[in-house]
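Note sheet for the following structure.
Chain lettering (A, B, C and D) follows the sequence in which the chains are written, and residue indices restart at 1 in each chain.
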Amino acid sequence: MLQTVSGSHAVGETQLAAYRFMLRARLLDDKFAALYRAGKIHGGVFLGRGQEALSAAIGVSLNKSDVFAPLIRDAAGRLAFGEPIIDAVRTYLGSALGPMRGRDGNVHRGRPLEGYLPMISHLGAMVSVVNGVLFARRMKGITGIVGVACLGEGATSTGAFHESLNQAAVEKLPLVLVVANNQFAYSTPTTSQFACADLANKATGYGVESHSLDGTDFSDCVETVGSAVARARAGHGPQLVIATLLRLCGHGEHDDAGYIAPELKNSALGRDCLKGAEEFLLKHKLADAAQLAVWRSEAIREIEEAVAQAQREPAPDPYEEKWSALSSEHLNELRTEA
Amino acid sequence: MSITYLEAIREAQAHALRDDPRVFIYGQDVGAFGGAFKATKNLQKEFPGRVLDSPISEDAMIGLAVGTAIEGMRPIIEMQFADFSTVAFNQIVNQASTLFWRTNVPCPITVRLPFGGTSGSGPFHSQCLEAIYAHYPGLVVLTPATVEDAYSMLLSAVAIDDPVIFCEHKFLYYHLKAEKLPSEALPIGKARIAREGRDLTIVTYSAMVHEALAAADELATEGWQVEVVDLRSIKPLDTDTVVASVARTGRLLCVGEAWPWGGVTAEVIARVSAESYGLLDAPPQRLNAKDTPVPYHPNLWAAHRPTARSVAAAARKLIRF
Amino acid sequence: MLQTVSGSHAVGETQLAAYRFMLRARLLDDKFAALYRAGKIHGGVFLGRGQEALSAAIGVSLNKSDVFAPLIRDAAGRLAFGEPIIDAVRTYLGSALGPMRGRDGNVHRGRPLEGYLPMISHLGAMVSVVNGVLFARRMKGITGIVGVACLGEGATSTGAFHESLNQAAVEKLPLVLVVANNQFAYSTPTTSQFACADLANKATGYGVESHSLDGTDFSDCVETVGSAVARARAGHGPQLVIATLLRLCGHGEHDDAGYIAPELKNSALGRDCLKGAEEFLLKHKLADAAQLAVWRSEAIREIEEAVAQAQREPAPDPYEEKWSALSSEHLNELRTEA
Amino acid sequence: MSITYLEAIREAQAHALRDDPRVFIYGQDVGAFGGAFKATKNLQKEFPGRVLDSPISEDAMIGLAVGTAIEGMRPIIEMQFADFSTVAFNQIVNQASTLFWRTNVPCPITVRLPFGGTSGSGPFHSQCLEAIYAHYPGLVVLTPATVEDAYSMLLSAVAIDDPVIFCEHKFLYYHLKAEKLPSEALPIGKARIAREGRDLTIVTYSAMVHEALAAADELATEGWQVEVVDLRSIKPLDTDTVVASVARTGRLLCVGEAWPWGGVTAEVIARVSAESYGLLDAPPQRLNAKDTPVPYHPNLWAAHRPTARSVAAAARKLIRF
């Protein structure tokens, strides 16, 4: 696994790390999109284009011992939290050797024992699971850790969002709930989703702290997420982070996002955070153009290798599959029918 | 002209909106976007103010529908996937399904559940929840297997004065085609003999009807005449048609795409065993999905659910019993 | 049915009406408690003692054409909204002639077609049903109406509370959501229920208006609820009303509320709003002591008559019962088993 | 000493808390108050920091439990009434039940559901949801009918590495008594012959075991020996014991307090019909609650659910078949 970069590192270092995860995530997403178009992927493909700065900022602010529950647009955060590219590729291709063994696919991947929680589809449902991990660790006397759960703004309309944020607040858990307000939930604009002036206004109603950031602004992402995570880590209870940005792709690769008005795409919200990050690095002389090009080609090579490898790997074999959902093998009912 | 199962669902909704001012549609992305599967395509434009996007709040979506039903409306609620109806579960099984019984006020809501497995959809976009809803009193549960039934049964669903769980199979959405929409239909609660035969009865519903028909084709080449009963509605369940078929064939195989514990296949066998025991020449058998979540990878998925091949194998075994 | 008094009436009149509903509710509750102790009631008995001012204030601010979804502590509001005492008594006694015909009992009563919604037990679940009624009426072009849904502070922790308040806000429905913060949800104190400094802080997070009131203060109840209802009626969207008070009884009559500290009972929160209302009327010369005594004995007589009547009425007969849950009779499966 | 079913549940939890530091209890009012039914009475005092009040957030309660299970804890979640688990439905059936299958990480949570009808409890405090949960893969569903089983099966539930839906019947809470707690028990998944007989097998579980036993008493006075099988666990379901009993008696009546469509009685009959068809001398029958919500008034309630009397009537009819 790649080493994650904790918030305590020198500023330039964190940004550099974040950028490289963003870059790899973007290229990985591009590869998935290409595989999708080539008919090589079963089911849907969900990308994080335009949301990499936010997602990477989360990943680089976490330690290995922290907890992370990403959602569908968090390829960058996943990589930054330590997910090897091959795990992502294997899951998308359904490889029997991937963490989900072909049982679940695409963005539904994780390694719970490493604090990396695999999402179920039902929006909002992962937040209370993060609470549980944090709750258990506190019972065991483990301190100084943080759990991040990611949601889109559409998911704030779920009862699960509410119950779990309230639960975290009551238990004063070190939860950081990051809401990526990318203006749309599938096709639904925010005006059909909520009526508050600002999602950050929700925080006082739960008794939690809030942070707002511009998700198109690379350094704002790194800094604001970093300080939210630091507040939670320092024992100030749940932190609600609201990021404003735009999804620069369809809901999934099957969707052309025709419902996003061109004006919106061309507005400040539509800025590509990856470009912004590159400008930041160049401006602060953290890297030069040649270096960026090297990183890019390195990442592409890594991704191509992972894809080539996963494509050579065995698909799951139904005859080898243990068709049982219980861990307690003696309680499985395996009577054959008909 | 040729019309798909999905188009039939759209047409039925257009028809209902056109004919009955009390009908409206509420669901995620059903408006301008036309729904995740395009089942409400252009309907918002055609029927302004009557096709409305909801927030991602399944519980409140059903609660709202019940409130409008009290006021005499006939809402159609689209769940984006059947699987997400688990979030609305309480409102469906405790609010909607009990309203009439408690208060004598009917609750004519239609909850559309795009359900069932498709390749690569995995454990949370493939579930078959018909048995869950059928277990509760106060709900009607429909499972159309054909383009014609998708159309006419959705129209019936909207007309029924009780909450209807309308299970529309995603696997059939695009692939199933008909020449035209029907002008007549069997009443709700009547099963259909999808294929006649004398050697064995396969009772099934929804997408599995097509697997059963394919299995019947296969067995026909071996000289066996398999009768296929399409239940159409699983609650109410047309025991009479099933029993009559079993009386002719003497053999019963029930096939369902849902999980094996309980469910439609158990219910059918329990009824047949109780009512037409003497008619059976062999023990009634069933074939369901495996008792695990629905797998993502096509290899696993194809082995998880019954297919023409596994249905044929089960039928063969039963015929030879 | 009794006539409800709308917010537009003269001030003294509204207060007088509210008081009389409070009084009748208190005496009705007392009667139910007595019947419970005498073993005459099946199942639990849930009282609104200490919450009558708030509840009556709701009822008197509504018109017959409004919508009301009361909860377990709303005997006063129910009466004020027009529920005849006999409906309450019949439901508690399971009379076949009551609105619930013995199928449901105690506080689970209502008449949906009169805008009076019968609660299901699941907390929070009625709010979106109120939304639906308001939504339908708007579709039909009916304006100037309001819907009130009542909750306890414990119910604010439910996902249903959140989804439905957000839904009302998005649709800008004339919903008044009244939260009676009586400090406990069954035995659970507010500190285990939420972490916000004030439940009213939730309002901005939904983009709705909020109103706070002292539920032990009779005139505050009448005025604040009245103005919240007026705001909703005037088209200002959902209103969140937070009332602070104390339940002056157990959760149900089976509960001695031993978990409520004596200091709390003896604090200002423990003041009896009914006494406060009487003081108000006396002070403002809206009634004298003799008049109060007359009203009391009138109410007692009415209640006793209703109880006597309901006790004479037939219990539901299982042989007469149509054992079917569907309105569409032809779709009922009435196969006899075994 | 005499101990009730409810006390046995309290004792089992005390035992589990004492023996295993990974166990904790989370639920509404379970702390200082000791729970709505007092099933956790004094446990918070005895085990400080390990018996915790939750907000009224059933969805988040189960989600939290799953998170702690990932960390190796063994939470016991008390639903105040089984009926309210419908609000937690999504987390139970989609999060908890799929975790192991998806990730290979066990999910040892116990969800205690005080369930079943009692007089005057009405449609929302009486429900029997065992069949709903049993339909889903990945859950173990237990339904103890005796004080001894309430104790030992709850201990087993906590020890099982998978999510257990522990259905404890409220009707049995106070009335059922035993002399002492057991030190040994049948393994989970084994049914129990509650009474031996040769003329008819009644298969049932939970509170209905006692109605069946009373019916058997009544039939004994008429000269009939009725065998009563207490399933104990409905998933896994001990088909072997049922089939063996039916092999002895030749007649099968399944009795359940749940609604008639699907459920335990259908599942049992489907299995017996498939596996031991030749053994039956009469069609297998079942008796369930009526297909309406559970009524409030005792008169209606007593007619809604099976009772010793209706069980005896059904048994008599079947014996005479």
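To be clear about the criterion, a residue touches a chain if its C-beta (ideal position, glycine included) is under 8 Å from a C-beta of that chain, and two chains touch if they have at least 3 such contacts.
All values reported here derive from a predicted model rather than from experimental measurement.
The minimum number of touch steps linking subunit A to subunit D comes to 1.
Relative to the C-alpha centre of subunit B, the farthest chain centre belongs to C. Chain centres here are Cα averages; for subunit B and subunit C they lie 40 Å apart.
Here the CA centre of subunit B is 30 Å from the CA centre of subunit D. One simple way to say how far apart two chains are is to compare their mean CA positions; for subunit A and subunit B this gives 35 Å. Shared contact sites, meaning residues of subunit D that touch two or more other chains, fall at 54-55, 57, 59, 83, 86-87, 90, 94, 97-98, 101-102, 123-124, 137-138, 235, 237, 261, 274, 285-286, 290-293. Multi-chain contact residues, meaning those touching two or more other chains, occur in subunit C at positions 100, 103-104, 108, 120-122, 157-160, 163, 166-167, 170, 192-194, 324-325, 332-333, 337. If you sketch which chains touch which, every chain touches every other chain without exception. Interface of subunit D with subunit C (complex): residues 28-29, 31-33, 36, 53-57, 59, 81, 83-84, 86-87, 119-125, 253, 260-261, 285-288, 290-293, 295-300, 302-304, 313-314, 317-318. Chain contact summary for the complex, subunit C toward subunit D: residues 41-44, 94, 100, 102-106, 108, 120-123, 154-155, 157-160, 185-188, 192-194, 259, 315-319, 321, 323-325, 332-333, 337-338. Within the complex, the subunit A residues that touch subunit C are 157-163, 166-167, 169-170, 172, 191-197, 199, 201-208, 237. Within the complex formed with subunit B, the subunit D residues making contact are 83, 86-87, 89-90, 93-94, 97-98, 101-102, 123-124, 131-132, 134-138, 235, 237, 258-259, 261-267, 269-270, 273-275, 277-278, 280, 282-286, 290-293. Interface of subunit C with subunit B (complex): residues 99-100, 103-104, 108, 110-113, 117-118, 120-122, 125-137, 139-140, 159-160, 163-164, 166-167, 170, 324-328, 330-333, 335, 337.
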